[in-house]
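What follows is one structure encoded as structure tokens, with my remarks underneath.
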Amino acid sequence: MNSEMQGKYERLAATLKARGLDVQLIEGRLKSQHIETPSWGYADSGTRFGVFPQPGAAVTLSEKLRDAAHVHRMTGIAPSVALHILWDMVDDWQALRQEAEGLGLTIGAINPNLFQDEAYRFGSLAAPDPTVRRKALDHVAQCIEIMKQVDSRDLSLWLADGTNYPGQDDLRCRKRRLEESLAQIYTMLPDDKRLLVEYKFFEPAFYATDIPDWGMALLLCNKLGERARVLVDLGHHAQGVNIEQIVATLLDEKKLGGFHFNDRKYADDDLTTGSINPYELFLVFHELVTSELNDDQGSQIAYMIDQTHLLKPRVEAMIQSVLAIQRAYAKALIVDREALAAAQADGDIIAAEECLVSAFNTDVEPLLVKVRDDLGVPADPLQAHRESGYQEQIARERAGRKVQPTLG
Amino acid sequence: MNSEMQGKYERLAATLKARGLDVQLIEGRLKSQHIETPSWGYADSGTRFGVFPQPGAAVTLSEKLRDAAHVHRMTGIAPSVALHILWDMVDDWQALRQEAEGLGLTIGAINPNLFQDEAYRFGSLAAPDPTVRRKALDHVAQCIEIMKQVDSRDLSLWLADGTNYPGQDDLRCRKRRLEESLAQIYTMLPDDKRLLVEYKFFEPAFYATDIPDWGMALLLCNKLGERARVLVDLGHHAQGVNIEQIVATLLDEKKLGGFHFNDRKYADDDLTTGSINPYELFLVFHELVTSELNDDQGSQIAYMIDQTHLLKPRVEAMIQSVLAIQRAYAKALIVDREALAAAQADGDIIAAEECLVSAFNTDVEPLLVKVRDDLGVPADPLQAHRESGYQEQIARERAGRKVQPTLG
Amino acid sequence: MNSEMQGKYERLAATLKARGLDVQLIEGRLKSQHIETPSWGYADSGTRFGVFPQPGAAVTLSEKLRDAAHVHRMTGIAPSVALHILWDMVDDWQALRQEAEGLGLTIGAINPNLFQDEAYRFGSLAAPDPTVRRKALDHVAQCIEIMKQVDSRDLSLWLADGTNYPGQDDLRCRKRRLEESLAQIYTMLPDDKRLLVEYKFFEPAFYATDIPDWGMALLLCNKLGERARVLVDLGHHAQGVNIEQIVATLLDEKKLGGFHFNDRKYADDDLTTGSINPYELFLVFHELVTSELNDDQGSQIAYMIDQTHLLKPRVEAMIQSVLAIQRAYAKALIVDREALAAAQADGDIIAAEECLVSAFNTDVEPLLVKVRDDLGVPADPLQAHRESGYQEQIARERAGRKVQPTLG
Amino acid sequence: MNSEMQGKYERLAATLKARGLDVQLIEGRLKSQHIETPSWGYADSGTRFGVFPQPGAAVTLSEKLRDAAHVHRMTGIAPSVALHILWDMVDDWQALRQEAEGLGLTIGAINPNLFQDEAYRFGSLAAPDPTVRRKALDHVAQCIEIMKQVDSRDLSLWLADGTNYPGQDDLRCRKRRLEESLAQIYTMLPDDKRLLVEYKFFEPAFYATDIPDWGMALLLCNKLGERARVLVDLGHHAQGVNIEQIVATLLDEKKLGGFHFNDRKYADDDLTTGSINPYELFLVFHELVTSELNDDQGSQIAYMIDQTHLLKPRVEAMIQSVLAIQRAYAKALIVDREALAAAQADGDIIAAEECLVSAFNTDVEPLLVKVRDDLGVPADPLQAHRESGYQEQIARERAGRKVQPTLG
């Protein structure tokens, strides 16, 4: 940390201390933050209108791991990678795990693919045809085996299941089939592993998605048991839905399993986290910090990024996203919670709101630089990445191959 | 029924029979349909921008009952009235009940008012101030006493509770207070009575509504017990939400308590039922009929209208709404369910969809005329109402009074 | 027409005549209805999550024309095909035109593709790079040449142009570049040809689409001149937007150029027309008929289908869509417009609304069967298609080829 | 400015200068910022569900002026007040103007009320009944007379006109009547005065609002002439609509007349500006600053607040809003526009975005304190207001009166 930044840090620390905050505790929390990046975020992807391939896009799982390791090297808080079983198949999972460890990474959530195969035309776990459901369950069973081998805790389940037209299928039958399939998956799951159930408002199902909202995801999880938890993807809600309230509710129910971070303006746009409404991201973290301070479920929550970088350079966009999440967390940590609680007790809406606004408007960069310094990573990870030559290097090394775009 | 209509009816009946449908059973269901109208729907109401008073608007509860009785006289399927405790207070509830019975009506759901009093500024059952929560609980207790006296089965609870700004209150604390208050209400409730819990996406709370969606309403009901059920207001969802799927889910969970019928294009517009998307209303009834035919919960579901007739003459608009609901039910009853199930089993989306489309496009008026004939009500209730002189009569009788608009 | 249907037809005709309607005129309008189907609607397509190929999906333009001809043979009102220049390139356009004519078809709108090429990463007509804009203009010039050869009247322009993130580009610069490019296209256009400018709320641009709504499209068209018209795609609006009002406005401005018919529940879902809200489709046609009766712009409006049949058999879905549009038109034609105008003049909202509701609820099938009879096409086109063996035939003939999915 | 703040200011100024920014110019712009507060924002108001009266709520226009003067005293940048003609009627407008000037205020926009009178049941300027349109025009003429007397430049027109049901009125006839009425208003308007035309997505019209979006407002303004401009209310859009793009478009067309500032999460919630998505507010100001630097239309744009403070103390909420707008402007002023333009030219999305993000994340409070110091107002206006005793004083002075809530 150069002396100018050191000065800024000291002044910020003094301000926070004056507010009654324990700066060391805050820094400790920031240093132990853990954001998981997705393997598929390093590969080419697109919209239904096309794919714009990027130079250096990762194709093999080894390449994806290398990219993820670079992101971790730049940020210090992205030590694990989520895998997508189909796009990330390897023969020797032990070797894969060792390769990851050699790069300073662990394997995070395992994501089955239950949407791409032609058999899933009418759904997977909720499909009318029992042989299709069986095929889907077999795939999940295979994923659970992989989880054991790579020591992954979370089976992260997103289903494209649903219908496109009224009448296409009986909605109640679909629900019952889904419940039955999930119960079988839960039975297969070892005691130390969890099932994360993701919901999504719509797409690719355009009439009725079988798990359309947190209410359905929670209902299903509650029927399964303790180790079934809801996964919140920030882009999977109807317009206007209050996401931080869902987070608060799930935390209160001890049923929040994790996040897929991204942002959106319209639908499931899969934009960089915090790029459209950073205040909303901050409010989500405010709820998370409230929980951390009261009934710490932190270790129970998987913080994962899931974005589609259509135009932004993928590795750089991932770094940018990790930083945006880090910033939101830092701002949530410096909220003056005593003043907030007092204002809330007084019915003083403006004073309460200003506690949040004031934290949000604080420039926390000096605090983050200090944390990065302690973690031994660059003070400005984006710039360091640009200067590292990593992008040029992979563009060079990976050139000339036929890139097969990953969907989604 | 005149001979032309008789001919139409016979041809329609023949068509339906050829489709394998039991026309007498269908007519029986239509004759026992029961739609509840709201007392407040007969009084003046408006938007925040003003109220346009109507000649003949009901002010006293007696007037509202008379209007409701007229609607029932015209339609034959609207034999009960929901009351709103605050706007509908009387001294002698036994007398009120007798007055209703004298008009051929029963008293339906009792709706507490937990939003209008200044004390509810920060909420009612979820308010931070325990004296406010106590006040709200006392009001509900009073409503339960009234229920006993008027022999009402359902306590229909809509809460305006929520917050307008981030930070205004702690979201988890609100949830816990709400749960505690609801538990107390449930304890107060006699064994033969039910608690209907309504949800609403937003308004009048503009940041976080404490019961924003079916998921929260169901979560709360499941914690309370068997006699707590979810109430679905068709106007209380985010744009695009699949309401018929929610209905199917709640039916499958045996947790659908009732409806507030209306329609909307934008938000909680409280327009006449079926006026914006009649096909959606039909699809909702398709789910209800599916349930009737399988695990009949019909008697468990309260079918209530809740609309705000800003410009339409209120009594006439109520008749129009009852007819729109009747029509949707009739169309849902004539779906060829065998063909539908077969097409669904075949994955034949178009054939399955056409089963619904074909029923929806059928002109069921002859069937409805037959049912009305059997019920002894006019064949064309709207026209009969217009010819009855009822509107002119109440306009005359109720003229010259100072009308105090009912909110909402 | 069998005698049962004949009886139905005669009774319906009598009813309509009693309402003061000229049934022959209505039938004449229905017989001259002209709906254009898109070549790309016969080929495989999907979502970003994958493509489910269909047996018999068309690959070559000849196959697409054959499918379109079949749809026209079944319905009698789909005599033209829109082409997509990129997916539909041929060497000899004169031969293509003759091939179409041999099948009883004409070539309709020409759709340039300005989104799929990698060069269009940052846009096409509004791209920052002048060489990209030049490339796009060259492509459009080529399309205009094709228009001349196939005798197409309309250049149908949909742009994917836009930005994904705040700051990505200067919004005003984009607008100016777009205006400049469009002016060049307009200059290139022969006097007997038109430019249809389509708008879209979002996707694939997720922050700011350069032509996001009818207001921008109209602004641009008004700057260009008489032969630039707005194209309304029914799926390209924000939730809740009143599409029939936009249609009425554009008609009143003499700036409605055409439609892309489809339906949606969420975003640009590209579902079958009328499958989600058939009443809305009817209201759109009510505005069109109002115009037909007053200041006939009928020949100025291109009625085109643009859907993505992800799961429905494509040819059959196209027939279903043509029929849904035909039905909406028929219902709009039988509105009692005298009664409607009288009720509107009286401020009698319910009577006015019931004029529409009553027409919408009329079973117009007998009228449509008569029209089909006169046109020499099957009375029940969907069933006739199923019985024709066409689907089995193309599945057989086109089997075993490597299908390259068309995007979008 | 205390020495700690002085230090912060100097460091911030140095940083900005290093970025090539002219800090004095920026401060000059901030000092000449001019935000207009609405007289009705100081009076009691509510939702359709009720009004929660506030102690000290203004009733008379004098009281509203006093409150506005206090807001200006605290902030230094709110020197004018918009009036609402109906709620703000006085006999002697010259005296009123002098009273305002005595308080250091000028009179800003004049807002006719064309929605509350019972005559406007079916609309005002677009109503079917010519006597209603005449009444509305007479009211507007009266407003223009008032404008002359109080030296107001802008007639700010918001219409509630629209319909609630399909068929209620002919959409094209409404458009034509509206155009005709507006033309008459424009003719009445003196040469030095302007007509601001506001649009609104919905409410209180729930089917079709006559001016539903910027496209219609611009179309109308373009037909009127140079002095008709569009007014953008931040809460009057469909979900997801890109407001900053509309602002950019209107600026480019030289047709942006002004703003009604507020924020919303759902519909026209009328929350405090910037309380839900402060980044969006910043992006709006980014477009405004872009215009200021290129083709200065600043003096042509009326910056007005229009909010409904349901629960927040009204005077304090107004101060909070003025500060939020000031902050957004300041952040927009410190964007490194050279770096931004360079990144845009390079297609470097992340670098371009980070120019905005970095400005947004800057703590501009020291700069604002400097500006306030120069303006002679308190460094922390919210706290100064709380310490001023003003709220207690008005609560005392205005107690015991019967408060008549202002709608809207």
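Odds and ends about this structure:
Order of writing sets the labels: A, B, C and D. Residues in every chain begin at 1.
In this section, contacts are C-beta pairs under 8 Å (C-beta built on N, C-alpha and C of every residue); 3 or more make two chains touch, one makes a residue touch a chain.
Keep in mind it's a predicted model, so treat the numbers as computed, not measured.
The set of chains touching subunit A and also touching subunit B is given as C, D. The pair with more inter-chain C-beta contacts, choosing from B-C and A-C, is A-C. Mean C-alpha positions place subunit A and subunit C at a centre distance of 40 Å. Residue numbers of subunit B whose C-beta contacts span two or more other chains: 121-122, 164-166, 168, 201-202, 207, 239-240, 242, 265-266, 275-276, 279, 311-312, 349, 353.
Viewed as a network of touching protein chains, the structure reduces to a complete graph with every chain in contact with every other.
Interface of subunit A with subunit C (complex): residues 45-50, 52-53, 115-116, 118, 121-122, 160, 164-166, 168, 201-204, 206-207, 239, 264-267, 269, 271-272, 275-276, 310-312, 407-408. Interface residues of subunit D facing subunit C in the complex, by the touch rule stated above, are 121-122, 128-129, 164-172, 175-176, 201-202, 207-209, 212-216, 218-219, 222, 238-242, 244-245, 248-249, 251-253, 279, 283, 286-287, 290, 340-341, 343-345, 347, 349, 352-353, 355-356.
Remark: subunit A residues 8, 11, 239-240, 242, 265-266, 275-280, 311-313, 316-317, 320, 327, 349-350, 353-354, 360-363, 365, 382 touch subunit D in the complex.
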